[in-house]
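Scroll down for the structure; my scribbles are underneath it.
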Amino acid sequence: MSKSIAILGASGYTGAELVRLISTHPDMTLTALSAERKAGLAMGDVFPHLRHLDLPKLVKIDEIDFSDVDLCFCALPHKTSQDVIAKLPESLKIVDLSADFRLRDAAAYEAWYGNPHTALAQQQEAVYGLTEFYREQIKTARLVAGTGCNAATGQYALRPLIEAGAIDLDEIIIDLKTGVSGAGRALKENLLHAEASEGAAPYAVGGTHRHLGEFDQEFSAIAGREVKVQFTPHLLPMNRGIVATIYVKGDPQIVHDTLSTAYEDEPFLEMLPFGSVPSTHHTRGSNFAHLGVTADRIDGRAIIVCALDNLTKGSSGQALQNANLMLGLEETAGLMLAPLFP
Amino acid sequence: MSKSIAILGASGYTGAELVRLISTHPDMTLTALSAERKAGLAMGDVFPHLRHLDLPKLVKIDEIDFSDVDLCFCALPHKTSQDVIAKLPESLKIVDLSADFRLRDAAAYEAWYGNPHTALAQQQEAVYGLTEFYREQIKTARLVAGTGCNAATGQYALRPLIEAGAIDLDEIIIDLKTGVSGAGRALKENLLHAEASEGAAPYAVGGTHRHLGEFDQEFSAIAGREVKVQFTPHLLPMNRGIVATIYVKGDPQIVHDTLSTAYEDEPFLEMLPFGSVPSTHHTRGSNFAHLGVTADRIDGRAIIVCALDNLTKGSSGQALQNANLMLGLEETAGLMLAPLFP
Amino acid sequence: MSKSIAILGASGYTGAELVRLISTHPDMTLTALSAERKAGLAMGDVFPHLRHLDLPKLVKIDEIDFSDVDLCFCALPHKTSQDVIAKLPESLKIVDLSADFRLRDAAAYEAWYGNPHTALAQQQEAVYGLTEFYREQIKTARLVAGTGCNAATGQYALRPLIEAGAIDLDEIIIDLKTGVSGAGRALKENLLHAEASEGAAPYAVGGTHRHLGEFDQEFSAIAGREVKVQFTPHLLPMNRGIVATIYVKGDPQIVHDTLSTAYEDEPFLEMLPFGSVPSTHHTRGSNFAHLGVTADRIDGRAIIVCALDNLTKGSSGQALQNANLMLGLEETAGLMLAPLFP
Amino acid sequence: MSKSIAILGASGYTGAELVRLISTHPDMTLTALSAERKAGLAMGDVFPHLRHLDLPKLVKIDEIDFSDVDLCFCALPHKTSQDVIAKLPESLKIVDLSADFRLRDAAAYEAWYGNPHTALAQQQEAVYGLTEFYREQIKTARLVAGTGCNAATGQYALRPLIEAGAIDLDEIIIDLKTGVSGAGRALKENLLHAEASEGAAPYAVGGTHRHLGEFDQEFSAIAGREVKVQFTPHLLPMNRGIVATIYVKGDPQIVHDTLSTAYEDEPFLEMLPFGSVPSTHHTRGSNFAHLGVTADRIDGRAIIVCALDNLTKGSSGQALQNANLMLGLEETAGLMLAPLFP
């Protein structure tokens, strides 16, 4: 029987991406969509690309009867998310796409996000949603915290290497490039077409991007010691896509072998042949991530490149993959759509 | 049992788009892919976005055993297509995506395309592939000729109006804007990113675009008299999408009503409320076309706008829709993917 | 001696474009720049591309001493502009880039803009700023009203034809495509990169765009009778550029000859050979407009295409051209920069 | 008296950019333009954005009389350039924009470019064209070798630091992003709009890009020991612009101070305040480069960001700056155009 699904915050890009993916999912039915300021509108008015679908009207969260809902995606802004989730029925399965439950340490959360956490009980039970590495916990979790899109990209490239001790932990540089949709539908000057197109620049330079909180938490946990990476995101004139170019010290062939072995059976992580380089072009709109490893001309240095779609594998696709596991469905259900190219 | 499908010319954009769509089709299996110059390569080498798929290697057409193939898509250049199709087994069902079998009149073909037609027998049996208007013939056809992408867009806006006598037949202007993928993967200077992006211009101005051959044929047949429209395509800095803005003389409300009635039960043609305007943004990557009608401030004049994705509804999606009908499958199978936005 | 120039509203795109152009003007010096909300900031903070220039700080209008200013550009929003200009010293020469003084008829202004005009005295003295057609009046004007960018584009294509009686006045269709900068730096959802890029759509369909007020006024005045055109603008995924494709009934060769003769001595209006078509690509960042005429396959119909940069020839470049005339300088001073391509 | 200037290879992007810049240069006149395959055409046919200019027709190099030419820009492909330059009159001043005379060591040239150098005499006399660092030699040079656009960007960020011993020479990583025009007007599949737009990827990963030859030569010469950097270029969906994000070990404040001091009097190198980050958006179409320095959260590490326009400061603008020096003109003549934004 089809699972009943609610999406809170359906008027943002990750909400719309969830609707897109679920619209052809064989075992899910959308039964509630919320959007506080756009309550009363049809989804097709807010996102005309979804107008062919027979969807519930947008409502306020308070209007939703969760008693028949099997799983709820929370695509709300951080801070709002913790307030809302704290009040949801305890029996309800939840996949949260905000930053609110990614960090297990309340002090770390406050340090990175600037406000004290107000849903500590839920924070403690939340499972970090990087599917390939938390699969078993996710299957039995009530609340899964979707990862940051940049954080997912960097971790796919690095986790198995840190685990295997294949690289120098003090010399990791993640130079990452992302499309504009990662910033959401917010009305900001630098996201205007006239300002964002035909140019590129780094931002949050020097170690100030919040996704570093996830890198610090996860990499340190794996290594059993503090690991601090350098991380510079760049805003690129494209809508979707993240590509991370990662500089490490270690044997390039071992780096490639380690990742290849780790991801051999993963349905969505595609390892390229040694020396090949992925592009965001080839992951657009899909749940696939492509990874490549190249040797530098300087001995003992390798470059790892990971590309994925920030809205799909980096966010809503990941969320759906987790939801599939939580609901006992096929992990890949609704997620095998090939990328859109060109 | 799954149908066995071949694609000839799989290294172009329409070929790749067919593979993308068929990769999640419930009742089709790709058993042969041809690409003369790239024979021997894996599809994933030519189109890395398809690298996760388990696909047959690219071969030359001569290497394909068609005996077990249920249906063959021909995504070859025009002229080549007629030569190849003339030699295919007579029992083989074929959907041709080239221009070779769109025009029923051999002289008209030669006039528009500059070379005499060399597969006259096949030309005679071919059914014009505008699904919504040739559905019954397509179901029993052996050879279906996919329409021009611009030709499809204009016809969706105009056929029911000509049929109903709702507009002045001598005063139809189709001002159409298309993305670059309509020109295919050809290496032409004006298709380079540096030349095509950040600017726009009309081309084939004054009635020289070949898709006019289709407009002339179809509109004249419906009207029972010669109908000649004005048609100006424009090349826009985007990859996918066609939007046609069409100026007609007739009662705007009747125009809207006529189209609404005609498309009431169509699964892929979405009629917007009177006065609303569609955008290519909301059809990208999908088989949906959106149509809107607005009254001009001058009495008795209406503007019809039709938007669709040239590679999907304008070409490969249309081809798959036709193939579904020819094979007795559900017409919408594999085609309900929602558009990708943003 | 260098002329002292003020710009009111320097934090918008047209203001910044004026600064760009004036920065290499041989006979002008910027002595005051206003921006109400950004007063106190350096221009280089608001527009880092101008950071190499030695410019006055942004101030509020009230802080400017106009006694030594030779000419003031007003790049304020419409409505605000009339309030500000009404209070400026009567001796001050002004080029207004807003819509406030384009329409000579106060009722027409109110009909198109929705508010009564509050600076009727200035409205009466204002000269319409389409340089090539109001050159003599502009030379002696105190207040010149810059035209709408779309209005300029359409008029370059049509004025000489209406004047010469070369086309049917009741059958003029202007299908126009514009880049996003025409909408200014306003924070609107549809102007976000994620919403505007990779797609296109018409807007203000059916005769509701305010620039129609200018077409009506100017064309009717030339014709000596009411002329109403059809006009549909489209928003394109590019920053700069307007291309208008205009459908008229008349002899194509006469249309071409009429325009060629009219613009023979114009420094910025480039007439292409008969049958050639311009592109916005080739006018970007410059004060040049390119015009082409093509015969339609239907006898007695012609297509005129006009391309220009909305921020330069369509707005700030035009304003500077007018200012040159008003100050007795060389008309082309500071404006001969070649377009930027690619 | 105006200097007589020839451009060889005027049909490529750098040739066209030279024409654009020289068209408003106060002391230069274009007297010859060559383009072998397009000889006989007007420049305005090949580059319609230059159609308003009164330019000499394109001719073959053999047709040019160099006796009255003061300086010749060579914008030919590498390898062709050395063959042509070897045959030019010995008295002719030359600025070469190809890679042929950048490397002083013939073996290094052959190693990076794959063919033996055939103009060794000219190679010996050539001065490396990074103006700010070779200014005095350039003033008296006969032949100046324009730098690689990526090589210029990296050197602006690093030369003063290496000179000052401010950073660890064994730990320099240059992660660079470039627009498509850097690859020229070549017809390559990956440069098509449909392939290049809406996505990004690294290329020449691992230390294989030819501009490394310049980094090796220059940095080693300054340091007095071998210096090898890591360098990864990325192709971005934009036409113009390079931004290099450079990771170094050294005191961030000293890094910023060293660069600030070095560039204090440079007319085209703009140093941003400590912690600020430049963008290619703000250098487009200009000869300015913007530089910023930020401290990383890890002590002793700094990130330097340098942005410039690859076709202007990275190539044709640099060439003109050098030509000004060689001809005894004002160094900044014709080069003070402000960037185009948006």
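When the chains are written out, they are named A, B, C and D in that same order, and each has its own residue count from 1.
Everything that follows uses one rule, which is that a residue touches a chain if its C-beta (ideal position, glycine included) is under 8 Å from a C-beta of that chain, and two chains touch if they have at least 3 such contacts.
What you see is a predicted model, and the numbers here were worked out from it, not measured in a lab.
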Higher-contact pair (C-beta pairs counted), B-C versus B-D: B-C
Most distant chain from chain D by Cα centroid: B
Length of the line joining the C-alpha centres of chain A and chain B, rounded to whole Å: 36
Chain centre separation (chain B, chain C; CA means) in Å: 39
Separation of chain B from chain D, taking each centre as the mean of its C-alpha atoms, in whole Å: 45
Interface hub residues of chain A, defined as touching at least two other chains: 13, 181, 194-195, 197-198, 237-240, 278-279, 281-282, 284, 342
Partner chain B, residues of chain C touching it in the complex: 173, 175, 177, 194-195, 197-203, 205-208, 212, 228, 230, 232, 234, 236-241, 243, 245, 247, 275, 277-282, 284, 294-298, 301, 303, 305, 307, 342
Complex interface listing, chain B residues touching chain A: 13, 16, 19-20, 23-24, 47-53, 181, 197-198, 239-240, 268, 270, 278-279, 281-286, 288, 290, 336-342
Residues of chain C that touch chain A when the two form their complex: 13, 179-181, 185, 187-189, 191-198, 237-239
